[in-house]
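Shared between the two complexes below is subunit A, which has subunit B as its partner in the first and subunit C in the second.
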Partner chain A sequence: MEIQSEGKMQVAIIPARLDMVTSKEAEAALAQAMEGDGGTILCDFSACDYISSSGLRVLLATAKEMKRRGGRLVLCGFKPYVHDVFDSAGFLPLFERFDSKEEAMTALSD
Partner chain B sequence: MSMYTEAYAKKLMTPPKAVERIADGGTVVYGFGVAEPPALLTAIADRARADGFTSLKVYTYLPQKHARETVLSPDLSDCIQAYSWFVGPQDRSLVKVGLNYFVPNYFHQVPRFCSDFMEIDTTVTTVSPMDRAGYFSFGTSNDFTSTAARHCKRLIVEVNENMPRVFGDSLVHISEVDAVVENHVPLVEVPTPAPKAGADEIGKSVAELIPDGATIQLGIGALPDTIARYLTNHKDLGIHSELFVEGMVELIERGVVTGRLKNLHPRKHVFSVAQGTKRLYDFLNDNPSMESYPSSYAVDPDIIARNDNMIAVNAILEIDLLGQCNAEYLAGAQYSGTGGQLDYVRGAFKSKGGKSIHVFYSTAKGDEITRVVPRFSEGTIVTSPRMDTHIVATEYGVINLKGKSTRERALDIISIAHPKYRDDLLRQAEDMHLI
Partner chain C sequence: MIRNRGIAFKLTFFILLSCTVIFAVAFGYSYVLSRQILMRNIEEIGQRLVAATVNKLEISLRSVEEVPGGLGSVLELPFLKGEAQVEQLLRTVVRNNPDIYGSAVAYEPFAFESKQRLFAPYCHWQKESVRCLQLSTDVYDYPNKGWYLLAKEKGKAVWTEPYFDEGGGDVVMATYAAPFYRGTGDDRVLMGVATADISLTQLSKVVSAIRVGRTGHAMLVSHNGILLNYPDEDFVLRKSIFTVADIRGGKAMHRIAQQMVDGKSGYASFVDPNTGEKNWIVYAALPSTDWSLAVLFPQDEVMADVTALNHHVMIMGVVGLVFLFIVIVLIARSITRPLCLLAAKTKDVAEGKLDFDLESVSRTDEVGLLSRSFVTMSSQLKRYIEEMTKVAAARERIKSELAIARRIQMSLIPKAFPPFPDRPEIDVYAVLQPARDVGGDFYDYFFLDERCLCFFIGDVSGKGIPAALFMAITKTLIKTLARESSDIAELLGRVNHELCHGNDSCLFVTIFCGVLDVKTGELTYTNGGHLFPLLIRKGCEAEFVSGGRSMALGVEEAAVFAVDSLQLSPHDTLYLFTDGVTEAMDEAGNFFTEDRLRKDLSQCRHYSLPELVLRTLKKIHLFARNTKQFDDIAMLALRSFGAEGRGPQTEMVGDEIVLSNEDEELQRLADAVQAFGATHAFSERMIHDVNLSLEEIVSNVIRYGYEDTGAHQIRVRFALRDHELSITVIDDAMAFNPLEAPEPDVDASLEERKIGGLGIFFVRRLMDVLEYRRDGGKNVLTMRKVVG
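Right, the complex of A and B next:
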């Protein structure tokens, strides 16, 4: 999974499928991105069509670890299916979320 | 102070202190339904939120609100892995997205899962207050809870004065308990949902199939409860049921249910789980006619069959033209569970003069969807195989499938579908080489 540095922010490009196969790689990439204290990781879901429970768990664990370190994990760019999965899982209230990457970048750079 | 009250006092502690003993990485079983222990489940969730668990397995069966608000809370799904023996409204969406894992079972087998196939670290459940001999009662929840309580490393009980004291094989002694907490809150109430149009037709026709002197089992839902309302002129009925429900209280109070003619446990009303309103819980309390047993006994088909004229009534979601019944799978996902349905279907048919009756509404969503289908959609779970299906009732009639050919079965099944779907079903039956 690709991680790009944009200013002070790390942007994780979530793959088309965040599932049991890809979530381990995503977990490792996110762990690397959050080395050190604080900071913000923005997970860009605009290319993601499918997320499984493995992907959900990786995001939850990463968000908790970020919070412990005084940082934040932010999500953006949900397609309808991904939104439905987050909704069914009761995960929507657990994450800071924006409709698009642009909207997130604007809000987070304030 | 007796030796039992002394032991009680020594084991009494706060919920956070009690759950400190649960091993990280361990397996927890908690009491079914009304016996969910809110203070202990809250303490487990609080410990998980304070990073007190890196992993915990929690087993659930038709969870209620206390579980949903604590151990099934989405924010804990990275450290608490929930397993579901029976899915309900509180965990349906979690099972669908794969956060909770469904465990297929017959209800009568679940106690053996607990004793032989799981290493349970801790069992937590709500019990009634201790009596003078040092016994608590499992109250509304005997099922697998009583077995899990005796096949775990530690048993923590949450004493609630509102939990009824129930007879039968429903007691646990203070000497078997590792920790006690007290929490005297009102029990969860599970009112029966309102019946839909057509329920009265089904209730009347099914009641006519039940002879005086029969022993009955009624499943969960509005339809079985409606049937109970049409039994008020019957005589000497008995109860041997996985579930004790609101409609049964009235039948006992009116003298319709006496249990006088039962072969097994005469004059006793046998169940494994109870759920309803405060009226039902008050009725159960210290009532010597009520006996609860583990599901390994009360839901065992061989035990069920020991009462003559055993009548099992269970609701299903849909039937296909082969006579297979689906009671647990909807829209591509696990909707509920097998529960004790197939156990009672088989036990009732094995009983001398017994009958198994499946009931359902012929349509859903304002007649937009037929519940009589040619074939189940791909992946659908069969709760009752076609060889087990006996009597089936909808608002359009009652049919018997036993001893019938595949042609006769298909035609009979189509005869109880909604009329607007019958021609299409006949054509599809022809395409399937059934008629």
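Right, the complex of A and C next:
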């Protein structure tokens, strides 16, 4: 999974399919992006059509760890299926979320 | 770093360090003090030695000094006449004074006899006898000798510098010379000089006898600094103390030499520039002669004893420390060895090995105490674990008994659809979605003969094993007694009668039971306390079937059951259900209600039976979303086609994919779902839901299902008919019933949120019906979902 540095933010480009196999890669990449305290990681879901419980597990663990370090994990660009999976798992209230990456960047750079 | 070392090392290190410091301080103090004491003693002894020797020499010299005076006073008297008498006197004096070497009386020219110019008899010791001779020879011109001139000039008794008396005594000697006179007062006339000699050889014996250490020695110095006695004979009379200073002592020694010549006494040290050795010197003057006596000794020699003593103490100290080291190491090991052993055992205990022996238990010290506590702790732990295991096993047994009861109960319910593929007159479809605990809903259908289909749906009051058993009995009774009974009322009456017998647990069961003549569509039914089913006539709204409601079975032995009947036309549908449907609750606590069911069914009346039932189930799920299912949900639908039949049956299509237990197989599975979905025109949403459900199930199996690491097969079958997609996953992993998995708490906060169970939760949500069974060592999970 690709992680880009944009300003003070780390932007993770979530792949089209975040299943058990790709979640492992995502977990490793996010762990690397998390080094140090504080900071913000933005997960861009605009290319993602599919997420399973493995993917949710990685996001939950990352969000917990970021919170512990005084940083935050922000999500953006949900497509309908991804939104529904988050919704049915009761995950929507747990994450800070924006409709698009641009919106997230604007809001977070303030 | 010391911090990271073991107790044994620290103990040894610090104790040894402390002991070494203590020893070094004590040793150093004792060394310095003993040196000081010794130095003081040596100074004292040296001074005492010098004083004693000076005293001894003085006595000798004094006794010599008395002689010339005595002689002079005798010779001043006019008694002595002639040479023989004077010589006789001398001989007697010498013989009576063993300290003197010789004595002479030397007259002034012509003083003894007017015609005799010189007269000087001299007597001295030669071996054991006294020899006398005349000094007035041509060779020995005594009036010009030093000793004579000195006494004559000074007019009083004086000591001469030591000299070799050639032609006289023929030895190195010092002479005490005293003038004697005739007459008194101003008239007195010098008659001559009387002398007494002392042999330096004799004095040397006294001085040479002094020995200090190995090379320490004494030396006698004249008041001019000439050496009168020295270990090296060549120096005697030839060299002065200053020469010695030049050779042996440098400037410091020079100062000492000067002090000696000046007749001072003292104690000083100097360093020999040749050897670097420190030497000590004690010196004192001889008052009578102005000579000086010195005792000179090297420090090392007198310190030899102290040095040797210190060496011994040092060796003893080192040996002591080595001994201490060994003792500490042994003690430390005796402490740490059981501790290390204990640490190892602790690790064992942590790994669950609770049986062990500890030698250190028998010790009476703190280590023994710790060991005993440890053993006690372990045995308590063991007992506790055993109890816990027992409790857990008991709980597990109950749980598994419930699960078995559940499985038996579910296995009694027919689930193969369509059940009568060779009967075109009728379609039957049913679902039973159990609540978490063992519930009591059931249904069944069977042909009594060629034309009559008997069907029923029921609900046993209560839950748990008794309810399951009661249900099994009821179902078996109906099936057994159906063929023997003439009508349906008689059937339920007999079943009721049997159930009332020995019904100690006061359970009861509500049943709606019907018999349909599939050819004519004639339906007779009786309702034992159950909900009335809905009837959906072709092209009409759904309506509740009416009729008499009899009492539930198992309550009253004499209960009578009313029979009603109605006529089914082709394509009419009868929809039976239990109260789990109408009493499904949403988050606000509202029931699903019979009316909502009626309306929903009315909308979907043109659907195939599987579609109708599964859609209804989905609606109930959507309604009850996020609330726990309290009761079993059972629905049974019949569609009658009459004698003309339903027409050509829809073909069933299927597919199968075999996966190995590797993560990478998931992509292949996803591709297969995509392909199957595309072929049968599934919506994107449908494909997504199937994909997600299958990934959750299969990944669960791959990840947690196998205890070994070997290769396993996971079989996934797709079957599609009448808009009903049925997916069956078959694997040989360890038994796992997803329906019994705990529900996740989807309302927990981020910190409290657990991820477990979410996958299965998705599957239950996305699929309409889940059925699980363990069959021949394999998990068989069937998921049904209506396509649309």
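The definition used in the following text is that the second predicted complex is superposed on the first by the 110 of 110 C-alpha atoms of A that agree within 3 Å, B and C clash if a C-alpha of one lies under 4 Å from a C-alpha of the other, contacts with A are read in each partner's own complex, and residues count from 1 in each chain.
One rule holds in what follows: contacts are C-beta pairs under 8 Å (C-beta built on N, C-alpha and C of every residue); 3 or more make two chains touch, one makes a residue touch a chain.
Note that the structure is predicted; figures quoted are calculated from it, not measured.
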Looking at subunit A, which partner touches more of its residues: subunit C or subunit B?
-> C
Tell me which partner A:Arg17 touches in the superposition: subunit B (first), subunit C (second), both or neither.
-> second
With the two structures laid over each other on chain A, which partner does A:Tyr81 touch: subunit B (first), subunit C (second), both, or neither?
-> second
Could you say whether A:Leu56 touches subunit B, subunit C, both of them, or neither, answering first, second, both or neither?
-> both
Have a look at where A:Ser46 lands relative to subunit B and subunit C in the superposition and call it first, second, both or neither.
-> neither
Now for A:Lys64: first (subunit B), second (subunit C), both, or neither, which partner does it touch?
-> both
Check: subunit A residues flagged as touching subunit B and also subunit C 52-54, 56-57, 60-61, 64, 85, 88-90, 94
The subunit A residues in contact with subunit C across the complex are 17, 19-21, 24, 49-50, 52-54, 56-57, 60-61, 63-64, 67, 81, 85, 88-90, 94
Would you mind writing out the residues of subunit A in touch with subunit B in their complex?
-> 52-54, 56-57, 60-61, 64, 85, 88-91, 94
The answer for subunit C against subunit A in the complex is residues 663-664, 666-667, 670, 685, 688, 691-692, 695-696, 699, 702-703, 744, 746-751, 753, 755, 758-759, 761-762, 765
Within their complex, state which residues of subunit B touch subunit A.
-> 73-75, 77-78, 93-94, 96-99
